[in-house]
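Some structures to go through are shown next.
Presented sequentially are two complexes of chain A, the first with chain B as partner and the second with chain C.
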Partner chain A sequence: MTSPQGVRAQGVGASLLRKEDARFLHGRGRYVADITLPGMLEVAFLRSPVAHARLLGMTKPEGAAERVFTFADLDGVGHIRAVSGLPGFRISEQPVLATDKLRHVGEAIAACVAPSRACAEDLVAACVLDYEELPVVSDMLSAGLPGTALVHEHWSQNAFLETTRQDDLSELDAIAAAKVTRRLRTSRQCMAPLEGRGVLVEWDPRLEQLIVTTSTQMPHVSRTGLAEILGLDEGQVRVIAPDVGGGFGYKGILLPEEVVCAHLAIRLGRPVRWIEDRLEHLTANANCREHHYIVTAWADAGGRLLGAEVDATVDAGAYSSYPFGACLEAAQIGSIFPGPYTLPKFSFRTVSACTNKPPILPYRGVARTGVCYALETTMDALARKLGISATAIRLANLVPPEAMPYRNLVGKVFDSGDYPEALRRAMASVDLAGIRARQAAGECVGFGLAVFCEQGAHGTSVYAGWGVPIVPGFEQATARFSPDGVLEIRTGVHSHGQGMETTLAQVAHEVLGVETARVRVVHGDTALTPYSTGTWGSRGAVMAGGAVAEACRLLGERALAIGAALLQAEPGAVELSGGAIRRRDGGAAVTLAEIARTWYRQPQNLARDVDKGGLEVIAGYRPDPDTGTHSYACHAVTLRVDRDTGEVAIEDYLVVEDGGTLLNPMIVDGQVLGGVAQGIGTALYEEMPFDAAGQPLAGSLADYLLPGATEVPDIRLDHMETPSPWTRFGQKGIGESGAIGPPAAIVNAINDALHRFGAEVLDLPATPARVLAALEAAR
Partner chain B sequence: MKPAAFTYARPADWPEALALLGGGARAQAGGQSLGPMMNLRLAQPGAVADLRHLPGFAGVTVTGATCRIGAGTTHAAIEDGAVPGLLGRILAGVARRIAYRAVRNRGTIGGSFSHADPAADWVAVLPVFMGEAIAFGPAGERRIPLDGFLRGLFETALAPDELLRAIELPLLPAGTRWGHWKFCRKPGEFSKATACVLAVPGAPVRAVLAALDTPPLVIADAGALLLAAPEAEAARIVAGLGPLEPWRAALARTALQRAGLAAREDA
Partner chain C sequence: MNRSAISLTVNGAATTLEAEPRTHLADLLRGGMLLTGTHLGCEHGVCGACTVELDGAPARSCITHAGACDGASVRTIEGFAEDAVMAALRAAFTAEHALQCGYCTPGMLITARDVVLRLPEADEARVREEMAGNLCRCTGYRGIVRAVLRVLEQRRSAAAVA
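Presenting the complex of A and B:
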């Protein structure tokens, strides 16, 4: 992996500064809201003020018939249907504007267009709604009880799906040394990227094509979804994702607002734009997480797990969103719950409850953050009951390195790694004896751990079984030289914080030796890039990285043949190194730039039998097996709890992480740090409460607390680098990892501090109110 | 989140400002509370009178033992030492912890006090001083004691046709001790419990307990909070507030105790 000069200056493994930062740091990024077009109209949506009602009618403001649109006005537009192939799945039809029923606060009812957003909001304010309220289903745990109002009236029950697995656990009570049961809850959150959603749509009459500029992390999937719902050929839809200010899963969803804007752009013959504001973001759209668990686990005296039983409910909200569907969280709980451990027996029941809340959408970590919380707090509860350490119980159960690759009892295959070593390394750099001494002296400090692994870049074989609208196949990339020798990489994934304009250039450099400054990574435009399901599931580095490497390898072969001819050598007598084709005997060399120049501008110098494909290659890549990589980590937290205020102060946060071969360690650090910051939000701050009437109670960032610079401590990072045996460079998906461990590690530390006072926190986030309530209950 | 249409006026003098107010305009100082309310359309004034160019709106003057702080003085100016002496040190300490600098650059002490958000910092602190608010209305200036200015949640003693022109505070003698504690989890979050304790030599110790979703409670004789063990006194005061959620009551007790402790240790 070293370049000919023997330095990792630019290739795989180099901490190269990010190429894209020049434009971001100088304020030259271009987001949807930065783009305006002549004649553009702005859209504001009339949204449901209530959680559940029969929509009886809507009176448009006088004279505004052609500026206010309801579903009845949208000829030929279909509903959003995100089905699942899992047996028993109940299908929801999400109208892009409400038809006869209102199913959550914030559901769009009408689109109002005007030359400015303020005027569009005036129109919204002048609309008069007529509705009849229905009983609200606001609690996921009672949503399925008989007699409850139905969110979708043709269903038999308020649940998208129930999944189960039943092992025989009947013996365990008799043989176990310890059994614990915990009831745990995670809050409903909002992903809160800096940039919310936004879309600008224009109809190009010449091309008969919609040009949809939208803040998405998966432009090709948006295109497919839009074309289907609008009844257009996919060729009539071009999706452009310009700079995107953070995605985290929220930008992986086709929103009703995008469909409506696209239709209106065609109908009105003018560009139409909608920019989500923070109120819409928080209260109507960007909802995620919200799990409830009842976990029972059994262990022997040495801490070895004998079995576990999980009853999990996820509040999936009112609709199944496109493309991931309503069961992405709950249905995965069963397969993720065994975690990094060798669990011998396991039963579960999961319910994707349907309620009068906005649809649950994917958020960095997806189901894993909740699962890790449930599993790792249960592990600590078991350890406390057995009187053994949190380290000991984990070491007794972690999959050992000699078992790799390891297939666990639900069929997940872990590719490589030394899980126990991550824990040992963490413990070696934590002063646990010091913490115990402070506790003995009466200080309310605590130490907590979370160990977990993260499946990433899982492919066809995993998703085919789910029957969702999106099944990733071979990831493709185009590599081509332009006449001046600049290498252009075209990829269908999107980079919105991951630094892929840099890492993919590093991969290209690794293979072809072209200076990264002369590699241009093109992404975010369906007209310019090969199809891809996009950036999600921690798949960019593995899938796009592999595809770019393969395309570059093939391009190198083409260049080598041309170069050999120019050098009047047999192909076997030359090699590609340092960005040139060189004679192996140390003689003459011809640079890739010269070869490009020859192909495009001096074709008279090419050999007669030259490959007519030239210097442009599209290649596909998929790891084999494609069950995904597993990065893993140990998070170790030391914190103080103020028993008078319930406040938590993190003193030390350590992450030992193994992401396999790191394409760019600095960028990986950034990914982990950002993820941990979000995980701290999940653990301590973020919560979108709803009242019994289904009203969201945090309408601004004054109420929905996000951790900021003053709330995130310095985080210590330590990397292990165990290559994945299945990927091109040994790299593993690591994009979500940082956000998975913090709630578990932090609450374990809080409970380590509190248990001497008989108190235990069970619900997230661990706010001062919850910590004080736990202490109060123990009095 | 765009405001409904409104007209904007920039009165050049106080009578013109009053005239605009009489015509139904809403006063605007720093706009840091009014702006968000208008953007959310919680407030939809047809007209806004921007007070920031009125003569004497901002600025601090000291006459004898009294410090007069123009209503339009920004939190940032106070943070940066616009008020002299011991009083200035105390007020700067309060100002520094309001939101973040961008908000402090625009938000004003008078705007905050007039807005009367029960969780706001000046609302929680100003009533502890034996000072006065200077109101200006059609009949001229009127003085309102600071501990009688706040009448309820978002409600003050100002008449609809009056503006707050200044806050007058007595300068503090050497030996004055001060304690202030507020609970908020991050900068910019409104407090969930605030207390301050002021011990001026030769005068009864005063305290304020605030940010409990009720108007601030002024404790005119708070000497017991300066004792080595203020827990009982703090509990007594909080118990008198009426029903509070247990965690909020715990925070309120802690606020009083810690403000008391800080004042006790204030050299």
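Presenting the complex of A and C:
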């Protein structure tokens, strides 16, 4: 609603303060670990101490046969299978507790059950494991070599999938003014939401239903997966996602631990709970990323790209996780690599390598962060070789606004925007001449850029092509009035920091005019909400926002018909505005609350031909086309490198971004800022190293370094707002954007600083040790 | 395992609880007293989500032995209802969008309150340094830092008027 001053107070575009804040500020958030039930048992898992072994047996502690469960004890429980429809995909079967083989450190072998977690851990410590070690596949680059041990012995090689594309690049050497080749690597990371995973399951004998309270981003998908593996019908599984302490992709998968706890709750007839601790999180479960690239690119003298060739390997770990699978990162590299540019020729080979490491899981930015790093550092290398600026080479290749909507050579369709303008705005806000002057004076400072676009909210047509177990269709939402006139919105996505209890209320207010204080957004419960694939892929604002708007529009039509009858007017003579149905001639009005009271409590006043559907509507929404929105951004970084210690200090971090119409600018800012902080972690700090035996080497947050308030600068944000032509309000998915650009921009800035010393950083994170090694190598 | 009695004052009320010797303070508060606003993030004393006020100063309840708290006074996020500084911080956290998932928020607020009371002249750099022991994975810290600075500024203005 637009107020008389033209200020959008509560609707789309308002920076409305969050409705959900109050409970969190008072410590009244309710996360899985906060919930206990009478008779509840806690689970601790016996986990594999080695990366690859034949499991010969496990001796349960004396007298604990009924409290320790191995796979052999789980009757009727299937394996987790996440099969990709892409041709050539090799299928892994992930047992929820190990069967004959151990395939990564931390793989669950047995579930130990006790009244407290501490006592359950005592049981774990008393189990005796018997295994025979096998050669470990710890390096993704040599995993496919002949003679290497096989992680899955019925496979012909250690790879889930290989994808290729071949353009004729043979003439480029002859015609290019510059050619560069770079070998680049990103580390294995852990998503590290502050709350780990956790699940509490009880069996309701009256309903014959499992009630699974779990820390998930996708309750409906978890329900489908659980039902399939447990052999239940979906009506027998209710999944509740309560408050969730950050997700970032990690809570967008079904965990073996959830399946085991569900089975045990049925079997034991008591509530069963498992709360992941940080050691489990880091070493057994929350692994992501780890890319290796060999990139070659050719450009003409003006910096125009002539072609690129990419050989990419992703360490996908031991299993394909449900639902997104083992190829989520590698198989996307080919389609994402052209970036925001008009690349004319492109060849690639990607490999999803299978190793003795925990399965690779989605993390904010999925594949894009690594690809942006590979592409944008290569762009800078080309620019340096050509002797042109980082700005010039990008302006020579960015998709121009007049080409929108633009289909690139691999078939991605960019919806709208002015990519070059984002770069120009960034450069106008940076004192590059001052940085160059400091460099000339001998200071080790650098400036770096990353320009990228992010496909978000892509739908059926895209995911059907991947053949993943879940293909998002029409996103649905329910809108209904309760008898007191409060508007209730029910959505199948889940909000775990994104502020959707606020933004979806704003969408409802925009359409129906109901005060946001009188809009309740219900989410996170399969029993209360319509099916949705959940919150991932930067889809919430576009998909749930669109669905809520559509449901409210239809609800408004129902209310209008009732209101017209109450006003004794023809429907055409009334309109919905300001939360009431009003006569267009300025006469009488009836509020939506009065209409609700009439429908539920005074039906004698309804017209005889009233729509019997009443004041509850479920509606579906899908953008057309559904190839996704493309938000885009330019990240511009100024930093200092200490040549003695290798330490990097960010002086200025600027983001110019375009998320289309912003439903709530404050919340979008928060998403971008939080993403950038995570990207800074990827760029400089976060690394889960493994030794040659496949042992993870960072077991606590003292080893796995997350950026704190002293590492993340006061990031500057500048918005452009180019509406997407394909979405309800012009909004674009932007939730992951912030995490994509930082490694590229930061390493480009580091290399800008080190260039004069002949040094170049190639691997992430750019830790002091790696910066010093780069300087040393150049000596 | 043996359980021993621990007497302590929690949020102003004297109480005695039984706990195993290995119990840490966070589990005692969350389990025995249902004070679930104290969150566990790392159980290594790194992330700060479990920060409570122990005898007037912030402490990591995940690495504080419950048994060592016999006779101590503990205040958790649930114990600041009447506290004006906490009220100002809560308002500032909302206004500056200093929280998203809410998991770090209780520990963040307790640390922030200590900073506000102990360092009334703190500038942005000092606030960042003081808050560096509390990790947030959602916000990028800008809102948190601005919220603390906002309350510091309010208090300096109020003091100047007085």
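In this text, the second predicted complex is superposed on the first by the 774 of 779 C-alpha atoms of A that agree within 3 Å, B and C clash if a C-alpha of one lies under 4 Å from a C-alpha of the other, contacts with A are read in each partner's own complex, and residues count from 1 in each chain.
Everything below uses one rule, namely that a contact is a pair of C-beta atoms (placed from the backbone, for glycine too) under 8 Å apart; a residue touches a chain by one contact, two chains touch by 3 or more.
Keep in mind that what you see is a predicted model, and the values were worked out from it rather than measured.
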item	value
First (chain B), second (chain C), both or neither touched by A:644	first
Comparing the two partners chain B and chain C, which touches a greater set of residues in chain A	C
Touched partner set for A:768, first chain B, second chain C, both or neither	first
Contacts of A:685 with chain B and chain C, given as first, second, both or neither	first
Touching partner for A:121 - first (chain B), second (chain C), both, neither	first
Chain B versus chain C as contact partner of A:712, first or second or both or neither	second
Partner chain in contact with A:776 - chain B first, chain C second, else both or neither	first
First (chain B), second (chain C), both or neither touched by A:72	neither
Which of chain B and chain C A:301 touches, first, second, both or neither	neither
Contacts of A:195 with chain B and chain C, given as first, second, both or neither	second
Overlapping contact positions on chain A, where the chain C interface meets the chain B interface	118, 277-278, 700, 702, 708, 710
Footprint of chain B on chain A - complex, ascending	116-118, 121-122, 125, 277-279, 644-647, 685, 699-700, 702, 705, 707-708, 710-711, 768-769, 772-773, 776
Of all residues in chain A, those that touch chain C in their complex	17-18, 20-31, 33-34, 118-119, 192-195, 243-246, 248, 277-278, 496-499, 666-667, 669-670, 673-678, 700-702, 706, 708-710, 712, 714-715, 738
Residues of chain C that touch chain A when the two form their complex	1, 20, 22-23, 30, 35-44, 46-47, 49, 76-78, 90, 93-95, 97, 99-106, 109, 124, 127-129, 131-145
Chain A-touching residues of chain B, taken from the complex the two chains share	1-5, 36, 40-41, 183, 185-190, 192, 245-248, 250-251, 253-254, 257
